[in-house]
Amino acid sequence: MLFGYHWDLTSNWTFALSILPILLHGMLVTIEATLLGFFIAAVLGLVFAVLRGSPTRLISYPVAFIVEFFRDTPLLVQLYFLYFVLPNYGILLPAFMTGAVALGIQYSAYTSEVYRAGIEAVSRGQTEASRALNLSRADTFTRIILPQAVPRIIPALGNYLISIMKDVPVLSVVTVLEMLNVAKIIGDRTFQYLIPLTMVGGLYLLLTLFASFLVRALDTRLPKRGIPLK
Amino acid sequence: MSDDTLVHFDKVTKRFGDFEVLKNLDFKVKRGEKVTIIGPSGSGKSTVLRVLMTLEPINEGVVYLDGDPLWHEKRGHELVPASEAHLRQMRKKLGMVFQQFNLFPHMTVMRNLTEAPVRVLGLSRKEAQERARELLDMVGLSDQADKFPPQLSGGQQQRVGIARALAMRPQVMLFDEPTSALDPELVGDVLKVIHRLAEEHDLTMLLVTHEMDFARRISDRVCFFDQGAIREEGPPDQIFTEPKNQRTQEFLHAVLHPEA
Amino acid sequence: MLDMLPTLLGGAWVTVELTFWSTLIGALCSFAFGIGRLSGNPVVKSVSVAYIEVFRGTSLLVQMFWIFFALPLMGVSLSPMTAGIAALSLNIGAYGAEVVRGAIQAVPKSQYEASRALNFTSWQALWYVALPQALPEMLPPFGNLAVQNLKDTALVSLITLSDLAFRAESLRNLTQKSTEIYGMTLLIYFALALVLTAVMKVLEKRIGRWKAGGGR
């Protein structure tokens, strides 16, 4: 029994059917962790991107190093670090929150790159033309650069949302009851790993296909030449 | 079909979507003949060469090359669409020079000239290199053998392109606007090479070009192409001095007197 | 603190081995299925598409657990090392296959036309003309995937393989010095990633030589 649902081992089909609600319960946790982790990554990444673009090297260099460090070390070890080290310094977070923060930190390295690349992809000529028209730096950024950069940034962020979703099972090591952990527990108790694990694989396929479909739909709807300003 | 006909388009139609690039085209080239195709852009003149090189399939009609159907195979008395094996057999007789050169950027000039003879014709590397050196000498690039194409000027690249096609010893050479992508001062060297080829070899040549003077000098016959068909054809002197078709007159007037 | 270093470095060596083999086998999968996806043969093509979609569409840890826990129930028992390398290679290979496909498709159509005019077979055109040009384009994304793979190896600790992450976790259980242990572990992973990146950069320079000669 898990989450109040019993499994029925009469046959493979009844077993699969009986554990489906439990797995869906885990899927909900997976989706929650994905969204929270993505939110943290999107905000933190933006902060990093801005700081990295700072003209002061005393800021931009250390930030570049931190981003590189976050990108080059495994999520699992980052998660262990947060989970076991932070409490030593009086910071006590629930496992779920710790997991979401770890996801957010790992992926902030990627999202900061998305912001930077999106902004840099807007041609130099646009900045030079703005300067020639004597637009202020703030106006140049908000009226010229950003409207052209956003349509490039959003689909790339969407792809990282999908990546985050696929990394959520790592959170199982700190007892978060996401989909894979739930399936593993069912397996441990029934010695039937094949069915729950295969079902998790199937559910993941559905989730990622659906999410990629959304990202692609969003991508085709975004104005390619930038958000029109009238 | 008379024996000296090498290329024969028999009522050939080629469509891109709804657009008919070649409309029921009848067109013949004799062995050893040098034919130039002129005409406005979008008239389908390059498509003739691309169909012949088997880069574009046709929708209707039959193309014959040296008496054999190009895009078809005979099965009993019927013509069925050609297999890749048949197409490869036919391609042996053809060579093509592209507007954008299409050299292999990751191979040296020497390698560009020897790769196909070695891989396709089965020549030894040494034989292929000897042949390549002769050809490089002919196009005036003996000293460039070890360079990579991006290190050469456009005119030099195109001369390599010509040598590369000749290395396969084709019977028919197709030139698809060989000088259109070149800076004006580089056109001369390429034309000189083509001119020599035309004079010294019994190659059959099909040339699509906008260089009218050049067309007049080297061609046995000039075809004016418009809207997917040949509107007028004849010896160069007749086409260029007294064209009969009104479209030909307009076209030549526009091209030869652009300032008017 | 320093007395823990040998234990961690021993684990790091396992991590290096895992990374090496799974990147190598993953690269083979990338080429096989990336080219397979472009094949004209419908069977080869659909097998390749299915492989790529399944391994990109599901989570690596799910794949690893499936191979380690579920596969034995179908009569295929793999050692943790084999299961780990299999999961990592198949996973990274699916991402790599998309890189290979993209790079091959990015070779201009005119190059294939020139190959055809010189009467190359389609295999010859792929092998002698397209792949040599596509390879330099593949290397930067391959470098990223290799680093991704290095990080992913940490997950094998969850199927009882004694790699760097596994030993860090055991040491923490033993000594409770979590800050030092995880700090050192992160730094070792970081150093490995920097070395791997440097190696890939050298490869990039070597293989893209004809591009460096560009311009006049």
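Read from first to last, the chains carry the letters A, B and C; within each, the first residue is number 1.
Basically, contacts are C-beta pairs under 8 Å (C-beta built on N, C-alpha and C of every residue); 3 or more make two chains touch, one makes a residue touch a chain.
This is a predicted model, so every value here is computed, not measured.
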Set of chains adjacent to subunit A and to subunit B: C
Centre-most chain [mean C-alpha coordinates]: C
Inter-chain pair with the most contacting C-beta pairs: A-C
Centroid comparison with subunit C (C-alpha atoms), farthest chain: B
Rounded Å distance, subunit A centre to subunit B centre (Cα mean): 55
Interchain centroid distance [CA atoms averaged], subunit B/subunit C, Å: 46
Whole-Å gap between the CA centroids of subunit A and subunit C: 21
Residues of subunit C touching subunit B in the complex: 110-111, 113-114, 116-122, 124, 128-129, 132-133, 210-211, 213-216
Sites on subunit A touched by subunit C in the complex: 69, 71-78, 80-81, 84-85, 88, 165-170, 172-173, 180, 183-184, 187, 192-194, 197-198, 200-201, 204-205, 208-209
Touching residues (chain side subunit B, partner subunit C) in the complex: 53-55, 84, 88, 91-92, 94-96, 98, 100, 102-107, 115-116, 119-120, 147-148, 150-153, 164-165, 168
Contacting residues of subunit C [partner subunit A, same complex]: 53-54, 56-63, 65-66, 69-70, 73-74, 147, 151-155, 157-158, 165, 168-169, 172, 178-179, 182-183, 185-186, 189-190, 193-194, 197
